[in-house]
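Across the two complexes that follow, chain A remains constant while its partner is chain B and subsequently chain C.
Up next, the complex of A and B:
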């Protein structure tokens, strides 16, 4: 047996297994029985994982992340903890802000496994690559924002991938529990350390539970390289009157796939799901967003903007489901794409499944080029063509970036995007401020 | 609110076209094998190339699996329990309409088809297909003067083999999908239209399909070729008797538009939808596709789908010619336990191609409605343009409306827009109408007609009237 499946232990149930062993066992059994998804699976039609599935990845050696990768992020006024090789490196992080406890997942499970029962595995079903993570994760983070806490410092989890000379993989798992009435901002960044020539797989699952009346902003920034493969799942559960704002920024990657699941479990909750993605070269970026309105009177607004350049592929797929009984739900989906080259491809599928009549649902998708009239306007003011294109491209994405609630993060993500655009460096001073 | 007894009365309302014509039928025993295909081909006195074509399709079909990706649920179909050939017994050759079995003419009269020559004024040339065979084509002489060929496809195979051979399967190949392969193997009849260069067809052409016999399937095949610079408008209507078993309808329609030609294809589909408990009804698995082969050619699909227990249908356009245009206008209604998975595919291949999609879905009762559409802009489709609008209306909280659009773009000069909304009938709209003395039923009818207007406007006038009536009837009992 070779390839990714060879890493998955045989699903022999261990005697007297607890809930965690059952979860792992079921995930392994699922993978051995079903295998990994291929192009015949609707959710994987435009994203081939064959090459990845056939690769045998060695676990990343447990080494502290290269400081260079963290330094590159600069000082963005966040409280930071790094995850490398699938485990957190909390010793350098200092004390967490008031009202927050951050613990290694392995420690939390060793200390009191019952406390996480019903939380771990509840946000993301163990299917496809989430099953791989469930079977293989060894560590990660538990972030708990205590009831009623108002945390002003963003909590920043930096996932650092360190590619080697042979394919490596890491399987971190993050659990964010925002207790009732709390307010916080969680940031997840995915960066790669320089060096290494082989593929690096980050197979990450993040589960978020937003308690009643809690507010959580969740920023997720991926800076991919031609060596990084990210197969990520993010599951969010919303209790009554919870507010959740997601800002996803995905900048390239050999393959960056995110499956985002949002479930309205309590009435009156609200989810704003914003995203922006950029592909260039041979990048392949794929976002799948599924929103389930199980409880009524919830509002979800999905708004993604895409930029496709070079020979890049961008895939966007959103499903909004209003279950029977979820009366008063509002579901809106929007996906707008700019095609910037002749060889780039965009696939988009915003899609609605409505089983309740008391709803307001809409979706829209556009794919087009930069507006010639706008280009002309800038050129008539002596802006060179390629600079004019970058200005308009950046402005298109900026609408989403500006939504991030923490100014230094807006600046950092803007910088990261600008550095990928032609002439972007020249625009930095004037535009990112 | 409407009184409960009114609603019960309305619910009990029957499907108008649900009668059975008691006519002697020549029906083949159920079952499907190579012998069945040879029998059909033999009955139709077909040339050997067509028999070979059918057999090849059958061989492919046997290796194919029934598609299950559509959002519809139905028990497995036993393809061996269906009779693949059924025809009214009659004299083999007909000289004029007078010789058509009067019972048949009576059927069509009940359905309101202007089949008889006394209804010349209606000005529609009709080809009527009864179960498996085409029974009569009116206005042949007048069309002949213009050079338009309008006949049943079996006749076309005999009289115009070169045209049929050239275009049959050129848009929907035998291997296209499970139901198209089945149709290619066993198709029994259908219409054939050829409009020569530069001719504007002098009247609207129409086909009426009727499934009469029980345990039969209808597998008709329509082929329309519009030569350079020509124009044709084609209407299709369908009905079937009420039966409590499900009947299969797997048709294929192929359209070819050469340079500067235009084809307008309109359908009012009123197959028996099953009763209010979801018993019986037609399974409508249809493959419809047009090829805009020439520059500046245009194909427009307009459909009003009120019937069938299950609809699985995606009239599509392949836009190859430079500047060619594809249009799709659709109203689909599913009431009671009807399920519809329908939409379109616009495949932009040539430069400066344009397409418009307007789809209106209405779900009531336990109806399930899915719009599934695809817009593909190929690498070479410079300057292509698409606009899609699909709206769903929900009446009652036991139905479902789903919208699944696929957009794939590979050319940066393309502009593709998709918008969709899903909502129920506005309480304030209803209240407004009710306050002005309209009954709830009438108010809903009015609002639904307004909702569909964009599409109904695209239908030829006599069809638009029929479609409006049909929508009204199909919705009855949905309110309350």
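Up next, the complex of A and C:
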């Protein structure tokens, strides 16, 4: 046996029959029975994982890259903890802000496994690459925001990939529990350490539970490289009157795939799901968003903007499902794309499945070029063509970036996007004016 | 400074300018008046370098250089400025950032030092006074949600900041009430100078009461049919284009 499946243990019933062993066992059994998704799977039609599935990845060695990666991010006013090689680096993090506990997932499971039963695995079903993570994760983080806590410092989890000379993989798992009435901002950044020549796979699952009347902003920034492969799942469960604001910023990567699941479990919740992605060179970026309105009177608004340049490939797929009985739901989806090169490709498919009458719904997608009148206006003011294109490209994306509630992160994500645009360096710094 | 010789221009297969000739010297202000569809806006766009305007005959010399061979940004860097009839809205780009990019592009082309953010703000506030532009508008996205008058004032503000050698004002008066017209005209008049030439394109004689031209040209069906001094504008107002063009 070779390839990715060879890493998955044989699904013999494990001796310990606890919930976690059952979860792992079922995930492994699923993978051995079904294999990994191919082009015939609707959700993977435009994203091939064949090369990855055929690769035999070595586990990432324990890494000392975390401190350097944190330094490289500069001071962005967040409280930070790194995850490298699938393990958290809590020593370097210092005490978490008041109202927050952050613990290694391995420690939490060893200390009190029952406390996480019904949480771990509840946000993301163990299928496809989420099953791979369920079978193989050894560690990660549990971030708990205490009931009623109002946490002003963003909690920043930095996933550090360190590519080597042979393919490596890491399988981190993160659990965010925002208890009732709390308010906080969680940031996940995915960065790659310099060096290495082979592929690096980050197969991550993040599960978020937003408690009754809690407010959580969740910023998720991926700075991909031609060596990074990210197969990520993010599952969010919303209790009654919960508010969740997601800001996804995905900047390239050999393959950056996110499956985002949001489930309205309590009535009256709200989810604002914003995203922006940029592909250039040979990048392949894929976002799949699924929103399930199970309880009523919830509002979801999905708004993604895409920039496709070079020979890049971007896929966007959103499904909004309103289940029977979820009366008073509002579900809106919008995906707008700028096609910046003839060789770039965008596939977009927002759609709805509505099984209830009393619903407000809309969806739409566009793929277009830069506006000629705007380009000419800039050029008529002496701005060179390539710079004018980058100014307009950035302006299109910043509607999402400016929505991030923490100014240093707006600046950091803006700079990260600008650094990928032609002449972008010339545009830096002046944007805040 | 500007010499247009027998200019023929087609737009989408239709000939719009049919042999237009014009000469404009440094320090001069010329007005071009004409009815709708006479080719006024085509002239302004072809001078600024917009795509989609096919020059089939003739040439345009700017300080002896073949203007039509230059990209729009090169023309602007050499001091050609078009005040747009319909200024473009650019959501997501602040007015001040837009102008800073423009001013620094021009300064770079002239071999001058680019302005940093602080120097630029001081410079922009000074220029904004000229057309009584609310400093709040500097922070807003370019022309987004601006009133008609604010957009036109913003154009003259940009002109003040870019200090062009040749300014083409394309119907800068259209849609302005009398107060706004006065502010815009005062701004333009303040920018008149011995090294600067202006081509003022308008449909209405009214503007020329405020910006008094050295010469007036009447453009009908793609050609200049008559030229004269400032009194020609009054004559046009009284007799109409049809009689003069006929």
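Here is the rule we go by: the second predicted complex is superposed on the first by the 427 of 433 C-alpha atoms of A that agree within 3 Å, B and C clash if a C-alpha of one lies under 4 Å from a C-alpha of the other, contacts with A are read in each partner's own complex, and residues count from 1 in each chain.
By our rule, a contact is a pair of C-beta atoms (placed from the backbone, for glycine too) under 8 Å apart; a residue touches a chain by one contact, two chains touch by 3 or more.
Just so you know, these numbers come straight off a predicted model, no measurement behind them.
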item: Contacts of A:395 with chain B and chain C, given as first, second, both or neither; value: second
item: Touching partner for A:362 - first (chain B), second (chain C), both, neither; value: first
item: In the superposition, chain B vs chain C on chain A residues touched; value: B
item: Chain B versus chain C as contact partner of A:347, first or second or both or neither; value: first
item: Partner chain(s) touched by A:92 [first = chain B, second = chain C, both, neither]; value: neither
item: Chain B versus chain C as contact partner of A:382, first or second or both or neither; value: second
item: Touched partner set for A:195, first chain B, second chain C, both or neither; value: neither
item: Complex contacts: residues of chain C adjacent to chain A; value: 48-51, 71-73, 75-77, 81-82, 84, 87-88, 90-94, 96-102, 105-106, 109, 117, 120-121, 142, 158, 162
item: Parts of chain A lying in touch with chain B, wherever the complex brings them together; value: 42, 46, 324, 327, 337, 339-342, 344-369
item: Chain B residues within the chain A interface of the complex; value: 69, 377, 379, 392, 394-424
item: List of chain A residues in touch with chain C within their complex; value: 372-374, 376-385, 387-388, 391-392, 394-396, 398-399, 427, 429-431, 433
